[in-house]
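The next part holds the structures, each set out as structure tokens.
Heads up, the next two complexes both have subunit A, just with different partners, subunit B and then subunit C.
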Partner chain A sequence: MSERNPRSRRLWWLLGAVLLCLAGSVLLGRYPGPFLTPLSALRDDRLALDLILNLRLPRIAAAFLFGMVLSASGAVFQMIFRNPLVDSGFLGVSQGAAFGASLAIVFGGGAAWAVQGSAAGFAVLGLAASYTLARRIRLGDWVLRLVLAGIAVSALFSSATGAIKYVADPNRHLPDITFWMLGGLWGITWKDVVQVLPVIVPCLVIIYGLRWRLNILSLRDETAFSLGVAPGRERLILLIAAVASTAAAVSKAGQVAWVGLIVPHIARRIVGSDAQRALPASMLIGSVFVLLCDDLARTALSGEIPLGILTSFFGTILFLVLLLKRKLGSWR
Partner chain B sequence: MTSARPMIALAGLSFSYGSGHPFVLQEISLEIAAGTVTALLGPNGSGKTTLLNIVLGWLVPSRGHIEILGNAEDIRSRKELSRLIGLVPQDEQMTFELSVAEYVLLGRAPYLALLEKPSEDDRCLALRALDSLGLSDVRERPITTLSGGERQLAVIARALVQEPQILLLDEPMSHLDIANTQRILKVLTELREKGKTIVFTTHDPNIAEVADMVVLLKKGRLQAAGAATATLTAENLGATYGVRVEVVTIDGRPVVLTRV
Partner chain C sequence: MRGARILSPLIVCVAVVLGSLPARTNAQTPGSALRADRGDKRVSVRTEPAIEVIDAAGRTVRLAKTPERIVVIGKGPHFILHLLYMFPEGRRRLVGTERRGKTASEFLDLIDLDFKKKAPLGVAPGPEAIAALHPDLVLGKGSSSERMSEALAGLGIPFVYLSLETPEEFFRDASNLGLILGNETRAAEILAFYRSRVGRLRSALSGIAAERKPHILLAMATDRGGKVSLQVPAASWMQTIQVRTAGGVPVWLDAGEKTAGWMIVNLEQIARWDADKVFIVVWHSNDPQKMLDGFKSDPQWKRLKAVRNGQLYAFPSDIFGWDSPDPRWILGLTWLAAHIHPDVFKGIDMSAEIRAFYTRLYSLDKTTIDGLLLPRIRVDVR
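Then we have the complex of A and B:
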């Protein structure tokens, strides 16, 4: 319980792991050799330095930031919906983004700014539609209504995306849609990173600041109210922060699946379920997870492996390991 | 019934979950004195939990009004109310495995600003509450691994860390064995000695018997209210539940026997 708890110390170990991964990632790459850029190359090889400063570093920054965002948002979704199996795939956010991106690729010319803007816009619209619908449903409590509405909105966006794929030009548009849906950071520049910072930083500050109250919001509404919390209002603030930051990340990286679902589980295993520690742990582990997957995505083959494929693959394996090692009747 | 000034006063209170919905509570007028234990008794769907939620401030009465300590409930801020009234819900939702101490510490929320986290003093208060309820040994255990009785005590400890004057408990003894039921009843009577006003709901008239005042509800209406011996009569219980019961007195206390 105390801040001097060994579990709290594990946060410092995680922070160390993040710094190590960041440093290692800078040197990982396919220039000049196949896997590693030697330190001497930074001094002697102008091209290597340019490559690191202008291509590798923004990509590392994006992986670090997006990993944090996706896992922090996942932790928020799981706690405010009192359900350890939800992530941004609920509430129409991911499907909304996919629809927005497909729409812009096929009918909007496919310019990067149009795809990103449309994905972010429809992700937020997905949440707004789910929220509005949930207020009109007359079944169950707030959480159930929101999840039901989210499932319905996601299904609608999915079918609309399917329709767009059906009419899309199979040679020009369909590969772009597929590639976007598999996610990746190959095109990320410093400009992209700077563009999302004004959205991501305030959202992460809000989520981090309210992390202890997430524990209260995971209890019944009546209990939260009896503890002086405005459950509806505080959930909405956290929800908007989680969705807006996810939309910003997804608009640049496409669909990077499984991070928001699996990382909070790993964090709870390591530092316990108290969101005071579990949220920062999720953010740190999320950044390491996406960073390592992206390192692999850009170095394993001479071509690029879509990031979403790797996060799904390793996320699923970790999920199965957690499930098989889980104590009966407990979620951490 | 020791104080002239009621802690909780309900006057002509009615409640429905929206226009077109039937009234769940109708014309309830009741005064609950400070430092007493009140039991709300009645069949399923009689409005007991709704009444607790109105006292809590979570639900707003459709008609009539409620006063807590002489003040209309609606003039109090949510934070003020949460320092005054603690809730032990019927089935606390615990999806994630907080430790017992971490869970009890949540009771300090009414004293913390939006972005504030609990201080060392708050932690000490939480540990003291756990100690007073005999839960020190399990404080680092995940709350989901506690037995039913320990878990209920942990929820009570969380509510006590709020330092409330009024403690509302929704069926605190349901699903508990006799030993744990006695344990909870003992805690409630000790809290009364410390001046807390306790209101709890129950299905069991023999548990309601420990209260200073028993309130019988039927289909949202007040059937009877008063001292246990005067209220827990065969006639009142028969009219409330629609079954034949026999009430015998043992050591001056009413004991309700059901007749099949």
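Then we have the complex of A and C:
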């Protein structure tokens, strides 16, 4: 039996784990008691059924989708930039979203559409600025130029966000900004899920459909070109899909860190570094990771724990485990 | 030559270190000895400070005399300003204040036409900016106050920290201000006003057994980042104390004890608590009736006991909320008691309470109260 079969089988196991987590998450909550909701409550308590249908399910769907998006984007960035320590914060996407949200909270009245639209818009602007700047830099190859430009744009947005926080009303706006930046799904409704689906689904389809090209796009431009790929154009398509879907997710969930960074590494550990398997594995593991973190965020305590804190905490632990076990190699 | 090369930087280093040592001045230690040279002998003349208070941070602050120029800084400066303005000396001697948004000026402009002339300091002013106003006292609140007090001490400017977070701390801070401003009589009047009302509530509630006290949820509704969220206050905060003092049982204590601030709770948790009465603190820029109507029309909220029984209220406010460490907390407490135990407090007239508050504590006349304040009071929104 070839070596490929066990790794492909693992994908099916991952899918099974995802379905199990989804089913379990539906029964986890704070009503009528902490943690597990008995099945009888669904039959006898109308409020329990309403809470599950109108609060838990959209939130579970959002966690599932956003986990897939963040980890798929992270896998795309790491392969295209040939850098294992890259995620959506690398190209100014996360920092741009944070700046956009802060701007809307302080100067835009804080309306939902303003905050989310501004966050998404500036996330995309972050990528556009990084890309435009990279084209003007005359140092090293294209990947290095984009990395440098991304660092500069991220730093610029971070300092601008700091300035907004400095002038923000500390009793009103500053807590809002802080909480948005910590990330969370506590206010998600079906309406929010439906709003992001037209962006997220096509982007995920594009990324999934082009996953096998990632193996070639992670090579040098000359090598990729000789293998029949237009590296510049295809990288741009994948980057746009990754950034657009990330922007949509971040606009609803705030900043949810470490998912795009650590999940692709875990996926490669399990199924190998071939993008044909690593990308779907990233998506499945990412969805489970964010789902489990959000389950904890909404059930562990009476109050909500910001999702970004949990993903950062557990993401860091997993990262340290991977580092200590063996080197962070075989990422492409 | 080599020796000079080694010694020169050493000499420079020693000179820099000696030059950076703080010089002792009389301003740093107002009660310290004055040293006068009399020939070969030094004579110490010790002077006792005129005023000595222990502030909210437990620091002993000594003032040589009653301050004439007062500056207010810190997070939420309007809390201190609203207390300071209860003293006629306070409003006269205020020379500058940190301005964080428009909050302070929305009320103080009504009672002090000269408030706008007080020098505004930007957000988080540094010691130099404060010293430029030549204060002889700085009042502050907030976690950065300790660092600021040390910096100002180096400039010989005394700093008094106020807390105001609980009724007891409010009473202590008001007493300290009376002592500092040389008007302990006025401080006693203020404390008598508050204590008489708190005492009235406690006396009326003393006969009510714990199991008869309703379960209360008090939460702040804010459109945080565009999404309406409900947050419960910390267990040690004024809002929680108000509910307890008003004879209610706060249902969020286990959540509130885990945080030093507001904590978001979701509807599942609210449904699990299923409080007897729910009070929503609505930010002043939002319409409380609209907010409450939104909750009441929500199919999940309709199933909650408080909503079914018509016990969902918006917490009152005028220009400022009645639920925070602002001096208006006494109005909020009185109102809350009247709504948690309406049978016990049916004799409470909130209009009279509001007038008494503004007349006795801020010396506002009927025209100002009726024309400028009452129209902005939102009471009994349900």
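In this section, the second predicted complex is superposed on the first by the 322 of 332 C-alpha atoms of A that agree within 3 Å, B and C clash if a C-alpha of one lies under 4 Å from a C-alpha of the other, contacts with A are read in each partner's own complex, and residues count from 1 in each chain.
Criterion: contacts are C-beta pairs under 8 Å (C-beta built on N, C-alpha and C of every residue); 3 or more make two chains touch, one makes a residue touch a chain.
Note that the structure is predicted; figures quoted are calculated from it, not measured.
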>> A:Glu304 in the overlay: touching subunit B, subunit C, both, or neither? Say first, second, both or neither.
In response: second
> Taking the superposition as given, does A:Glu222 touch the first partner, subunit B, the second, subunit C, both, or neither?
Replying inline: first
> Now for A:Arg213: first (subunit B), second (subunit C), both, or neither, which partner does it touch?
Replying inline: first
>> Once chain A of both complexes is superposed, is A:Ala230 in touch with subunit B (first), subunit C (second), both, or neither?
In response: first
> Which holds for A:Asn83: it touches subunit B only (first), subunit C only (second), both, or neither?
Replying inline: first
> Of subunit B and subunit C, which one touches more residues of subunit A?
Replying inline: C
>> Is A:Asp274 touching anything from subunit B or subunit C once the two structures are fitted on A? First, second, both or neither.
In response: first
>> Going by the contact rule set out at the top, does A:Pro6 touch subunit B (first), subunit C (second), both, or neither?
In response: neither
>> Going by the contact rule set out above, which residues of subunit B touch subunit A in the complex?
In response: 53, 56-58, 78-79, 81-83, 85-87, 89, 91-99, 101-102, 105-107, 109-110, 114-115, 117-118, 123, 126-127, 139-140, 142, 144-145, 159, 162, 168
> Can you name the residues of subunit A that touch subunit B in the complex?
Replying inline: 1-2, 79, 82-84, 209-210, 212-213, 215-216, 218-223, 225-230, 268, 272-274, 276, 329-332
>> Per the contact definition, I'd like the list of subunit A residues that touch subunit C in the complex.
In response: 29-34, 46-47, 50-51, 54-56, 101, 104-105, 110-116, 166-167, 169-172, 175-177, 179-180, 184, 186-187, 254, 298, 301-304
> Can you list the subunit C residues touching subunit A in their complex?
Replying inline: 75-76, 100-101, 103, 123-124, 222-229, 232, 252, 254-255, 258-259, 261-269, 271-272, 283, 299-300, 303
